[in-house]
Amino acid sequence: MTKVIGVEDAIRKIENGMTIMVGGFIGCGAPGQLLEEVYGKEVKDLTLIANDTGILGDALSQLIVHRCVSKLIATHIGTNKETGRQMSAGELEVNLVPQGTLVEQIRAAGAGLGGILTPTGIGTIVEEGKQKLVINGTEYLLELPIRANVALLNAYKADKAGNLVYRRAARNFNPVMAMAADLVIAQVDHIVEVGDIDPDEVMTPGIFVDYLVQKQPRGVTNLG
Amino acid sequence: MTKVIGVEDAIRKIENGMTIMVGGFIGCGAPGQLLEEVYGKEVKDLTLIANDTGILGDALSQLIVHRCVSKLIATHIGTNKETGRQMSAGELEVNLVPQGTLVEQIRAAGAGLGGILTPTGIGTIVEEGKQKLVINGTEYLLELPIRANVALLNAYKADKAGNLVYRRAARNFNPVMAMAADLVIAQVDHIVEVGDIDPDEVMTPGIFVDYLVQKQPRGVTNLG
Amino acid sequence: MDKEARMDWLVKRVAQEFKSGDVVNLGIGIPTKVANALPEGIEIILQSENGYMGVGPAPEAGNEDPDTVNAGGQYATILPGGCCFDSATSFAIIRGGHVDATVLGALQVDEEGNLASWMIPGKMVPGMGGAMDLVVGARRVIVAMEHATKNGGLKILKKCDLPLTAAKQVNLIVTEMGVIEVTSKGLVLKEIAPGLTFEEVQACTEPILYLPE
Amino acid sequence: MDKEARMDWLVKRVAQEFKSGDVVNLGIGIPTKVANALPEGIEIILQSENGYMGVGPAPEAGNEDPDTVNAGGQYATILPGGCCFDSATSFAIIRGGHVDATVLGALQVDEEGNLASWMIPGKMVPGMGGAMDLVVGARRVIVAMEHATKNGGLKILKKCDLPLTAAKQVNLIVTEMGVIEVTSKGLVLKEIAPGLTFEEVQACTEPILYLPE
């Protein structure tokens, strides 16, 4: 049984109002073609969880520009001015989170943990409203799990059972998000047969991945 | 600069009374040749952190048999009867921990977390003496980080910068322990030059590893 | 049916609990046998908590790979499409609810779904290994065991008196005598092994058994 | 010295803070330049928090790899011996104390070692990215920045009034005017840039500067 489907069938599973996670780091390793379909379909009122909102002009940035997103959880929005503008204008709710905290919160959701204690953010506005615990004399913030309805990922290689392999710095948030969403969709450069990837080479076990979308080759583009 | 040293020089760094972590799962992926040197040197009063204490007869089991260990943190000791005997006789302090909890405690230490919340152990004797937190109506145990002075690991391949690659089920606790000890020593089947391992193939970054010991080929043996 | 046939029935009956694609962790002993008893056309993915997905049959003699052993330490194989990971990922899979079912043996189970499987104080203390995480994390917990001890002692109790592996996590108990579902109203005897009567199963079970509505 | 020469001095001075084998994370801007100013024979390992170890120089034109970018999103390279990992591992490395030093810019630093570098309320709110973790997790935090703002405003203060990146984590401040160590007794001016006097540095610094004992 293959998990490969068309991009339209994949993105049709995203409904207005859902929470989506998107892999990538300032475009690198972001699922550009899946995102184009999301804003093309004008999905609305999404809660977006991602490291950033891309560089103005790329696929992820267009989710903001096309006003698909009503709430954002991210670590950095400086590369997409439209995000800052919508935030300042009160049109977009933005929750900025330290990067190491965000990735642990997502991991905690995927790993069935009730939360993690981090020293990051102590003494800053990040600690507002959060429970603090003192362990062996050091203060920590209790940070809670973050999960999503859908995760949109990018991988370099996959077998039809959904086992994923990432390349270089394009790995980033993708493997962690694969564990923390009800539905996981990955766009993939190279889809191979089951058995063609060595068990030790797999970076995301296929059981986490619901659908694979073949990435279409393109001309030179900056769309993630 | 190479990290390769002889097994004797490596194990000389372990002092009586230290806390050591040992990778492996019932012998698979355990650093048998490093362990032989430990009990051969009659190091004493160790605190041992490991999934298990091996199968009676293998290298890890001999740390118990040779009474190198005064305190043990493990998940399962059923495959080494001597461990149970010493525990029952009051000669060995044993702390049994759920496997998923132990690996998260070690990971927390390596990752700079103050602790993690797990549902595992709630309603059992594992919860005794531990803080409980209720998150969204569910009870969790607060489990604290566990680190060691020395980690003894086994890998399939390494470059001289210490980047490690594991094979099949021999990976287990090795990568997590690599992050949670002051001194990390790995025995390795194949040591190659820097640059001979692709950056995407590395499973444990070389910065975690202090010393590499070339594993000596042997005849058929059951010593891990 | 003789004892062997009843145990065979048990294993086959557990194997009917899965649908294709399910991720399943099988404990050591009786549960391990379930892999070979799956109905025609049903393919499940077996997880081995020591670090891989896609457990295959035992290797043929001479083909043993010391790096590929199962959670019981026995030589195993990895099927095409399988993958390896470290213990942190393995238990993230288990604790995170990504395992559809775990099948394991028990010393005692009670009518609240409490499970005791890892120690008998002063007698046998092997440790819990991965069992506590599996029982808490798997979406469905199936106990597969003999209905009573070798000396005829009851194992399905009103209340476990051995130290628990987890509280209120067992969903289904399959023995050589029948299939019992743990519900909020108590234990429901869903199915009786061929040749046995309700009264015979009840006689070997401490709590009251209910019939399905 | 002119401005350019002073900035050059700053970068070279930061580069003297490392020993071979140190794992270092360099922030965007002035800190990035430190990689090219290391003393002869000193080799450090650069971490890029987006997911790899062994950051090399920018690629030659035509050799850009879209999958190999640094934490600023610019094309980069990976040196032999480098390795890639996911964001969870990257921040485990950072938060877990496995980075020997982080070098980053600042809006404000104060005499307690508090750092403000990530937002100016109502004006600039890019987000903290990985900075909060880096500053808390790295064994040594080195601020590399111009001593004052472009308008001559003070940046080294008695107390930061912008939102903090972290409290009491800065160890060293290197500017084009000098090298200042944050100690429990206050700010110690360890070194003055060539051609400047203690009084000139103090005049651009709000808290009292102490001379080394």
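Labels for the chains are A, B, C and D, by order of writing; each one numbers its residues from 1.
Assume a residue touches a chain if its C-beta (ideal position, glycine included) is under 8 Å from a C-beta of that chain, and two chains touch if they have at least 3 such contacts.
These numbers were taken from a predicted model, which means no experiment stands behind them.
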item	value
Chain pair repeating A-C, as identified from B-C, B-D or A-D when over half of the contact pairs by residue number coincide	B-D
Superposition of chain A upon chain B: rotation angle, C-alpha, nearest 5 degrees	180
Chain pair with the higher count of C-beta pairs in contact (A-D, B-D)	A-D
Mean-CA-position distance for chain D and chain B (Å)	35
Whole-Å gap separating chain B and chain C, where each centre is the average of the chain's CA atoms	28
Separation of mean Cα positions, chain B and chain A [Å, integer]	33
For chain D, residues contacting two or more additional chains	52, 78, 84-85, 91, 94-95, 136-137
Of all residues in chain A, the ones touching two or more other chains	104, 107, 111-113, 118-119, 166-168, 171, 199-200
Interchain contacts (touch definition) - all pairs	A-B, A-C, A-D, B-C, B-D
List of chain C residues in touch with chain B within their complex	48-52, 65-73, 76, 78, 84-88, 90-91, 94-95, 114, 125-133, 136-137, 163-168
Residue ranges of chain D in contact with chain B within the complex	20-21, 23, 45, 52-54, 78, 80-85, 89, 91-98, 136-137
Contact footprint of chain C on chain B as seen in their complex	25-29, 51-52, 55, 74-79, 84, 87, 96, 98-101, 103-104, 107, 118-126, 156, 166-176, 203
Chain B to chain A touching residues, read off their complex	104, 108, 111-119, 133, 135, 138, 140, 142, 144, 165-168, 171, 199-201
Touch list for chain A against partner chain C, complex	1, 107, 109-113, 159, 161, 163, 179, 194-195, 197, 199-200, 202, 205-208
